[in-house]
Structure formats: C-alpha cells, structure tokens
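Heads up, the next two complexes both have chain A, just with different partners, chain B and then chain C.
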Partner chain A sequence: MRVTLETKPRKKPNIPIEAESIIPHNFLRGTDLSVYEGNKQRSLDEIFFITVEGPAVSPDQVEVILKGDTGRIKRVGEYMNAGKIVVEGDIGMHCGNFMSAGQITVRGNADAWLGREMRGGEIVCHGNAGHYCGAGYRGEKRGMRGGRLEVLGNAGDFLAEYLCGGEVIIHGDTGDLPGVEMRGGKLVIEGSCTRPCGNMSGGTCLVFGQVHDLLPTFEKRERTQVDFRGMNVTMDTYHGDVANRGKGSLLVRSGDHA
Partner chain B sequence: MSELLIKNACVIDPLNGINGDVMDIAIRDGRIVEDVGSSAEVIDADRCLTLPGGIDSHTHVCGTKVNFGRYMSPEDMRAGRTSRNGSMHVTSGYSVPTTFGNSYRYSTMGYTTLLEGAMAPLEARHTHEEFTATPHQDMMANTLFDGNWSVMEAVREKDVKRAAAVVAWILSAAKGFAIKLTNPGGTEAWGWGEDVSSIHDTVPYFEVTPAEIIETMIRANELLRLPHSVHLHCNNLGVPGNYRTTLDTMNLVPDLNSRRQSLYLTHLQFHSYGGTTWRDIDSRSEEIIRVVNASPHIVIDMGQIMFGRTTTMTADGPMEFKLYMLHHNKWSNHDVELETGSGIIPVYYSKKSVVNCVMWAIGLELALQAKNPWQCLLTTDNPNGAPFVKYPEIIALLMSKRYRDQECALLDPRTEKRVPLMAIDRELDWNEIAIMTRAGQSRALGIESLGKGHLAPGAEADVAIYPIRTTEIDPSAQFQQVMAGFSRTMYTIKRGRVVARNGEVIVEGANSTIWVKPRVSHEYDLGNDPEFAKKFQQYYTVRMRNYPVQETYLPRGVCIETEADL
Partner chain C sequence: MKIEDVVCTFCGCLCDDLVVEVEGDMVVNVENGCTLANKKFMGNNRLKTPIKRDGGNWKKVGLDEAIQTAAGILLDADRPLLYGWSGTHGEAQTIGVHMAELLGAVIDNTSTVCHGPSIMAIQEVGHPGCTLGQVKNRADVIVYWGANPIEAHPRHMSRYTTYADGFFLKEAFRERKVIVVDIRKTETANIADEFIMVEPGADYALLSALRAIVRGKGDVLPRTVAGVEKEQLIRVADICMSAKFGAMFFGLGLTMSRGKYKNIRNAIELTEELNRHTKFTISPMRGHWNVYGSNEVFTWITGYPFAVDFARGIAFYNPGETTSVDILKRGECDACLVVGSDPGAHFPGDCCRHLADIPTIQIDPHVNATTHLSRLQIPVAVTGIDAEGTAYRMDGVPIRTRKVIDTTYPSDSEVLDKIYQIIRKET
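This part shows the complex of A and B:
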C-alpha cells in the first residue's frame, strides 16, 4: 500500500503540526487520523491531499510518502514499528522519535531531534540534520539505543548525546560536542567536529575529518588502522572521558596517514 | 449559610472512639455540627468508609528544594501529565509534580492537610507562595534549625532560653509551624569539610554536638509551648549501622509534655540499618521498635520506600553528596547561609538490589511491630521513599500478609536472611489505618484543637468518603480492592465543600496556611537584641527588616499564638 500525503496550502504555514499519528501501522485502518495544528485538532484530510494506492495486510507493506511544505511537521514516525516513510522535502522536529523498526528516508533536511531515543530501524537523511540528532531528550539519561541513523549532509550540535547503542553515521561535519555523554554504540563522523565525546563512558567514536579543541581529559593510546571506504587509514586512539572514569574510545584520523 | 448532610456514613474516627458506626454527619459553614435543617444538601455515603480528611505529617511538596527537583528533572515532568479540565489546572510531573499536581492527587486520595517537611527560613517566601498554589490542603511548614548559627551559639552557652528566643523570632518571621532538625550539626560540619558520625561528635567552630542541639531544642520547644514537638531527621541517615545513632538519640529524649510526644522522629526506615557496609546491611527494626514501644513520649513515621523511580531531596546535604558518589547521576547541593543546606538526586529503587529490598522491608516492619499505631505514622517521606500516590499500596501491604508474601517472593533472595518481615503475621485493621493516616497525625502535630483529624461537632468539616464497605471485604484477601478504594475517594470534602468526586477535582479550592507565633517577653524578643541584629549586618545577605515574610504572602493564614515561658 502506498499512502501519499501532499500538504494543502495553509493560512498560517508557520504554525507547527504535531503528527505522531503518521506511522505506517495506523494506515492499515484507513486514513481517518488526526493531527494538531498548534492547539487545534485537525483531521488528516484538512492538512493533506491524501491518495491511497494498493492494499496492505501488515504494516511492513505500507509506504507513506510526504510531499510539499513538510518542514514544520513534527513527530512523524514516532513509535514507528514497521513499514516505510519517505519525506520528499524537509521534515520538522522529532522525526522518528522512539522508532523501533522500519525505514525513514528524508530527501531534504531534518530539523532537531531526528531519531531521538530511537531503538531500532533505519533513518537516512539526504540533507542536513539539526541539533540533537539521535540524542536523548531533556533530562533523559539514554539517547539512541539501537538501529542505524545516517545523515549524508552535516549535523548540528549535541549529535548523538547519550548514545547507548546502534550506529550513527554523518558524512559531513558536525557542530559542537558530538557524542557527549555517550555510553555505548558507534558514532562515525566523516567530516570535522569540535570537542567530541565529552564525559563519554563507553562506545566508540571515529572522526575522519579534523577535530577542533579535543578535550584534555582523553588519554592517548597506540595508533591503529581502520578501513575507510576501502582505504587503510591510520587513526590516533584516545581513551576516556577520564574525568568521568569513562571507558570509551575516540579514534581520530592521524596527521600522517598511509 | 451552607449546609451539607452526609447520610449513612460508616465512620471511623479514632480521636472520638468511633469505629465503624453507620451514622449521619451534619456540616454547617465548614464545621461539623449536631444537625442541619431539612434544606441541606445531602450526600448518600451508602455505608462506605468515611474518615476525617487525611493528614500527611511529613511530605516535601513546596519550596526551593522541591522546585529545584522539578527543574533538574524535565523527564519527571513528562512522566505524569494531565490536561486542563473544568476548574482543574494543567498538571505535570510524577515524583516532583507541579503544586497543582500534588494538590489534586492528594485530594483525590482524601488528604486535606499537609506538613511540608523542611523549609529553610531564609527561603520561606517561596514555600508560602507554593502553599497558596496547593489549593485543596491546609498547609504547615517545618522550619529548619539544624545548622542555625544563633541557635548553635546558644547551645554552646547552654542557654535554653536564648535558643528558644531565636526559635521564636525566626518561626514568627518565616511563618513556620514547627522546629525541624535535619542531621543536626551535620550539614554545618560538612560546610567546614567535615562530618559528624555520631551524636557526640562536635561541629567545628561552634563546638557543640548533635546531642546537645537536640536536647536543647526539645526543651526550647516546650518553653515556647509549640503545638508540635521537635521534628527530627536523625544523624547518619542511610548509613549502614546507623541504628546505633538512632538508639542513642531516642535515649536522650526527656518526657516533657503530657498531651503529645516530646520528639517526633521522621522517616525512621532510613535510620534502622545494621551492618557495616552496603554489602552486609540488614534490618534493625526490632531493636528500634523495642525502644519506641517502651517510650510513649516518642512518635515516629515510617519513611517507607516503594520500588520504582523517584527523587530524593533533603536538607541533609552531606547525605545527598554520598548518594551522588554512589550513583554518579545528576545531583545538586545548596548552602543556605547561616542556617542549613540541601541536596537533591533522582533515584531508582529496585527489587534486584538487596539493599533496596532491606529498606523496603524495614519500613513495613516498623509499622507492623509498633504496638501502638498512634506512635508510628504512615509516610514515604514523599518523594524520598516513594511518591505519595503509593500510600494505598502501603496500606494494602500493612493490611494483608498474603499481599506481602506475594511481593516478598519477587525480592532478591538474599533479603530473607537479613530482615524479620517474612516472620511477621500481623495485619493492621481499618481503625489502625485511620490512626496512622489522620488521627495520629492530628495528635502528633498538636492540631486536634484546631478541629483537624476528627469529626466531632466543632471540628473542621474535612471528610474523605472511600468506595469501601468494611463489612463486606476481607482486606487480607481482597487487597486489590483496598488499594483501589484508598486511591480514589467517592467524595473529598474540604471545609464543608466537595472538592473532589470519584477521582475528579471539581472546585478550585482555597486553603489556609497554619503558622505559629510564640509570644515572648520584651527581654526575649530578639527584634531588640543587638547581638542578633549583628548576624544580619555582618553575615546575612538580607537585612533584618527585610527578612520576615510579610502577611500578604499568606492570604488565608491561620496564626496559632502561644504564650511562651520566656
């Protein structure tokens, strides 16, 4: 089944839409769903032109396609457990919150909290991701716990804060403090970043670009070789964050690589 | 004139010796009366359990440290949310809810009066502002004197009257209700980089011991004729082997008052540990309760812990720092200049932790072994042991051996050898529960004469009607019904008005704050004392004339004036 949701023109297009109802599973029972526009409850067809093609008996056969002015639609794919969501343009905050399975593709940019506390499944963002991508929400001690989150562009600050499990891959650069408070999982940054992994207690972070302002609380260890896109790359290995008795590994491409 | 008649109420009113009689209760203008006219509004209680409004004699719901707990735990704010509904405000939070969240949840459980467990005098305004936003309960504040410099100087001079004069001035200024000592001397010692590990260690600079502070304050309390006794959080909270400190403390207490206890020891569960480390901690509830049973001038509350997530908050700064060193989770400590301190950390009590299992058992053991329910009141030291919404579960545990056995089967298996709980068969009855949740509190706090905690003509018309027919259920087997019944009243009546019905809050409410003003002679009025004024000039960041809480902060204040022997 393919469900296409194309945004209708809105009088006040800046008012955010809370759309946690948009997950493949919910469309098995039809399109009689509601979202909030600001503090007003709206039926799905007040916001979108809806077309449904083909049948589905289980949520993994459902593909939801979002088109149009989708940059202010929040919480799409929250608690998603199967199926596919494709966003043709940009997506608002909290896309893929707590998702446990399935696939989300964002062809544009994603706003903050992409894949917040996700537990499984896959998110691929072709553009840039905002702050707190793959992080835990305010006050939470555990961020992303499983699954795979890939951003082909750049990511903002506090990328993968409190990362506990799963894999986060950023092809571009990131902002300040990626992997801060990281406890497990794997974080790969192909571009550059500042102050990675502060207070980390576990997990592995690899940075293939430049690291600015490496924190002084990381202990330098032996060098090691890793494979990066078929090339053998020499990495400096750091252990930390020793200020927090951490047992994490931070690998940074060394200056004189082979 | 407004009149209300509650018909067919199955009343348990321990202060008046009523135990399960089916009767009518007449209410006029917020007070219980002999009878009302035929035009009175009528509520049919349908032979359901009807009790005086619940009273919590130790809870943390308002003030600076509670609020700090709120803003350091945004995840807790997301854990319990209700939307606006009629006259009900939006609420949020689980272990440290918003003030309205606290008030509504207490109200739907039938509680109409609360004692905030710890208010730093310097920060009293904040507490009073939150009191006015806790609309369904009358409020009182324990006022912290554990590390007060002027008090400790008086203790050093062995001048009980001077100590009483300090208390009188500060209590009136902060609009507080009673003297609270939290780890007396300990928080101040910690401020000097030290600690006290027994009641006979000395506090640096002041050269006084916790024992001296406690004894002086008990005597000062009686000189001031305060309604409540000294309210003590003993030294060494949460330390394995601390039961010795608790026993030493209980042995200090003179019997000075014929109407009530001379010392109230709070959350005694946290003070009844044997062993030497976390590895060999065990229960010493038997030793502790033996002394309580032999000391009618002592009242304790349980400080029960319940498994799950909560937030700990106390003026016991050093204790919270030790907890932080154990958990390495988020944490905060505060100093309150010249007076006290505080600390806050979130915790999770787990059935997989033998330490937590022992703690859980001790609280229940205290209540089950206390011969006299008037001496052991039901609390969780909300939210330290558990959020108060767990009270119905605790009541069910106390009333049902079967329920306890069912829970014990889920504990860490090492627990059984360390606690006597499994061998205790006692099941408390309805009357005992009524004592432990309202009548006992009323007497211990000395607010019986204000008409609290009982239903005789003249009493405040605070009434809780629970959907429980005591003659039709066997609490030992039907503990689920007990729990459900105490979780949600059919009616909660506050000062003659129905404020909650079947778990729904229906009116905004307007509470009072009860505070105490001891009247002392001119000689002992520290408002005229140059030595006392010097504290403000030299050390406080607040001037003496700006220190007292203005009465505008208590829009519905009820002042108890006492005639002090000073």
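This part shows the complex of A and C:
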C-alpha cells in the first residue's frame, strides 16, 4: 500500500502540526486519523490531500510518502514499528521518536531531535539534521538505544547525547558537544566537530575531520589503524572522560585536532 | 511615615530589611537599599490608564474594555504564548497557569533567558544546594563563577557572603576566601583572593579539569586549560577541598555561554566531587526578584518549571521547542500576553519583530520597550510597593512582600482573574 500525504495550504503556516499518528501501522485501518495544529485537533484530510494506492495486510507493506510544506510537521514516525516513510522535503522535530523498526528517509533537512531515543530500524536524512539528533528527552538517562541513523549533511549541537546503543553516522560536520554523556553505541563523524564526547562514560566515537577544542580530560593512548571508505587511516586514541571516571574511546584522525 | 522591614522586589536577594519613607501615595526615601532598590521604589513613569493601539496612535481605554479585548485576542488564537511572570507575585502566576491550561497555550517565564539551563542541569543530576542563611553562618570559601554580584546583586556580599559575619565566622572579611571565575576582571574580581580569568566559552573545559584534579587525575591535564595555568587550578582545587564549608554561586556567564546547561551540570558534578572531601554547595544567582517563584508555581501545578506547552490539553515541556525565544523565532505563536517582564528589551530582534506582528498584550505598570511592540497595555500595581503577594528568594525561601502605599491601580491578580473568568465562560 502506498499512502501519499500532500499538504494543503494553511492560513497560519508557521503553527506546528503534531502528527504522531503518521506511522505505517495506523494506515491499515484507513485514513481516519487526527493531528493537532497548535491547540486545535484536525482530521488528517483537513491538513493533507490523501491518496491511497494498493492493499496491505501488514504494516511492513505500507509506505507513507509526505510531500509539500512538511517542515513544521512534528513527531512523524513516532513509535513506528514497521514499514516505510519517505519525506520528499524537510521534516519537523522529533521525526522517528522511539521507533523500533522500519525505515524513514528524509530527502530534505530534519529539524531537532531526529531519531530521539530510537530503539531500532533505520533513518537516513539526505540533508542536514538539527540539534539533539539521536539524543534523549530532557532528563532522560538514555538516548538512542539501537538502530542506525545516517545524516548525509551536517548535524547540530548535542548530537547523540546519552547515546547508549546503535550507530550514528554523520557525513558532514557537527556542532558543539557531539556524543556528550554518551554511554555506549558508536558515533562516526566524518567531518569536523567541537568538544566531542564531554562526560562520556562508554561507547566509541570516531572523528575523521578536525576536532576543535578537544577537552583536556581525555587521556591519550596508543595510535591505531581504522578502515575508512577502503582507506587505512591512522587514528589517535583517547580514553575518557577522566572527569567522569569514563571508559569511553574517542578516536581522532591523527594530526587533525587543535 | 516610615515603614520598617520592607521587602525589596528588584533582584533575587529579596532583601527584607529596607526602611521606606512614605508621603501620601509616594515613596520619598529608602534606607538600607542598594541603588537598584532605591530606583525601583522611588521611580515613576507609571502608565495611568490602559492604552490600546488605534492605527498609528495610542488611545486610552477603560479597564473593562481592555480586559474584554485581551480575553478576545487570547480566545481567538491557535497558539497563544503567555510569557514573563517573574516580575509578579505567586498568586498571579497561579492564575496564569490555569489560564494557559484553558487556552491550550504555552506558558513560559524569564528563566528561558536566564537560569533555565540551571534547572535543566538540576533535572539531570540534582542540586546540592542550601539556603543563604547556611552560607552566611558557615561558608569559609565562596566561589562566584560567571557572576558579578557587586553590580547585579549589590547586597549579596554584605548580607550573605564576603562582608557578612556569621555564627561560625565572627570576622567574615578575614576568615572567608573568595574565588572569582570570569572572562574579565570585574568589580567582584577586584576583591577576590583568587581570580581565574577563563577564556570566553571555555568554562566547561575548566570545570572538567577541576573535577579531574579533585579526583586525583590532574596528571592527565595539559600545562594550561582554557587560558589558565594548571598550577593555579591545583591551588584553587586545594582551597576548595580544604574548606570547612564551601559555597559556589554561578550567574549567566555560565548559563548563557557556550555549552549552557552542560556547564551547570559540570559545575554541579564538581560540587558533588568536592563533597567527597568536605561540605560544598552550589546555587544560582537568580536575577528577577520572583523568577524562582515562577519556577515553583509552574512546577507545583504542571510538573515543569518553565516552557510548558498545553496545546494538547496536557503539560509538555521541552526547552528548545517550547521556550518563548524559539517559538517567537520560528513565528509559531499567533498572540502573546506579557506579564511582569520586558521581552522587548531582552529578546533577539527576530523575536521582537514577531511580537510586533501578532497581537501582543502587556500587563505592566510602566511604559517600556515591550510597550512599543504591543497592541494593548494594562497598567497594574507594583507588587511590593502598592500590592502585596508571595515571592521566592533565590535560595527557594518564600517571603511575603508588603504593600507600602495605597493607589487605585488593580493588582496583577485582579486583572488576570477578570481575564480568566471571561475565558472560563467561553471555553
């Protein structure tokens, strides 16, 4: 089944829409779903032109396509457990919150908290991701716990905060404090970043670009060789964060940190 | 007539020893107050009646008409924002939260641009704090980090720290050691026993380094950290560890610089580490006189201290998403009520432009920068001068403020309650 949701013009286009109902599983029962526009509850067809093609008997046979002005639509794919969502443009905050299986593809940019506390499945964002990509909710001790989150562009600040499991791959640069408080999992930054892995207690972070303002509480260990896109790259290995009795590993391309 | 033991309603110190001299409905003299207190009690420039924008001009309107207009604007909105609250008393803040729930609005206070990050850090790792009374009577080491009390909280040092004799410190000025950490040599730094000049935006690294030293891992550190010699850091860590009772106070230099709440978390974790060696506490230097109260009131009603979004009928909180600056920057809200604050003077330009684009209502005694962005302003009594109410000091102690003069202005509570009653009938 392919469900296409194309946004209708809105009188107040800046007001956010909360649309946690947009997950493949829900469309097995039809399109009688609701979303919130600000403080008003709306039916799905008040916000979108809806097209449904083909049948499906299980959620993994459902593909949801979002088109139009989707940059203010939040919580798409929240608790998603199967199927596929393709966002043709940008997507709002909290896309893929708590998802456990399935695939989300964002062709544009994703706003903050992409893949928040994700448990499984895969998210690929072709543009840039905002702050707190793959992180946890406020006060939550565990961020992303499983799955794979790949951003082809850049990511904002506090990337993979409280990362506990799974893999986060950023092809571009990141903002400040990526991997802060990380406890497990794997974080790969192909571009540059600032102050990675503050207060980390576990897990592995690899930075192939330049590291700015490396924190003083990382203990330098031996060099190691890592395979990066078929090349053998020499990495400096750091252990830390010592301030936090941490046992994490930070690997930085040799000679590329200031 | 002289009135004693008056509570000052300017900063979070809430000094309660002012002597105010009153003639008729005017305050003519203030004793014991700092310059800021004197200006607040003896200031004028009060707006006389509600004003409403009429094309390019202002027109005076009656209180009833102003209240009807305000309620109508809020009822028509799909995403109203209720902002401010730190400059008013707890009773008014309570009405504001109930109003937000009825409207499905976002309610936020000035923590969003001051100590919101402190609260976020406390939510992550707790708060080893104490009252100012404990500091005054016990603390022999004081740390001011990213704070300049001589200019922002002028009586903090004379009432609670450097110059205040306490039960266990009979000669406070000689017995207390003062450490100041800042990016520049401030007035407070001039009287410090140790001044650490940190590079701008490098507080996080410095705090991490101090934690490592206190843990006995100083050998990992390089020769300088954030522009500070390792020897000085070791000396400062020794002063802190050998204190009988240490108290750290931090300001916006830490909460609003690079790293924000992670700086505070690091400072709290340093404090926890110091508690393995001695007794050490940490407290924010709260600015607006009742900003702590707004956090208390919001929390006891909604479970969250600021940036509470009722759009879905239940409270949701996520700084960065439901905070006023972010909502205004994204142009989300379609109406705004400002109470007891002046976002026009504090918020970024984009936010102010959006406030001017949407119907903004201000409830405030004075003409200020936000007046120029508003469509309606309702003047009210000033809590602590011509209205009474409850406020919280920066250390969380509730204090009842007094009314020292009689005027005809309604209080914030009275105006808000009238708006609330109309909204309640319509929803």
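One rule holds in what follows: the second predicted complex is superposed on the first by the 255 of 258 C-alpha atoms of A that agree within 3 Å, B and C clash if a C-alpha of one lies under 4 Å from a C-alpha of the other, contacts with A are read in each partner's own complex, and residues count from 1 in each chain.
By definition in this document, a contact is a pair of C-beta atoms (placed from the backbone, for glycine too) under 8 Å apart; a residue touches a chain by one contact, two chains touch by 3 or more.
In this text the structure is predicted, and so the values were computed from the model without any measurement.
Aligning the two structures on chain A places chain B and chain C in clashing positions. When the two complexes are overlaid on their common chain A, residue A:L177 makes contact with chain C while staying clear of chain B.
Put chain B and chain C next to each other and count what each touches on chain A; the higher total goes to C. With both structures placed on the common chain, the touch criterion links A:R195 to chain C but leaves chain B unconnected.
When the two structures are aligned on the shared chain, A:M231 is found in touch with neither chain B nor chain C. Touch criterion met: A:G139 reaches chain B and chain C at once.
Contacts of A:P16 after superposition on the shared chain: chain C is touched, whereas chain B is not. Listed for chain B are the stretches 42-50, 150-158, 330-338 or 402-410, of which 330-338 clashes with chain C, judged after superposition on chain A. On chain A, the patch touched by chain B and the patch touched by chain C overlap at residues 137-139, 244.
Residues 72-78, 328-329 of chain B touch chain A in their complex.
Residue ranges of chain A in contact with chain C, taken from their complex: 12, 14-16, 18, 36-40, 93, 112-113, 131-132, 137-139, 176-177, 180, 195, 198-199, 213, 215-219, 241-245.
Those residues of chain A that touch chain B in the complex are listed here as 137-141, 244. Those residues of chain C that touch chain A in the shared complex are 77-80, 103-105, 120, 123-124, 202, 204-205, 207-209, 211-212, 215, 217, 220-222, 225, 258-259, 262, 265-266, 269, 310-312, 317-321, 330-332, 334.
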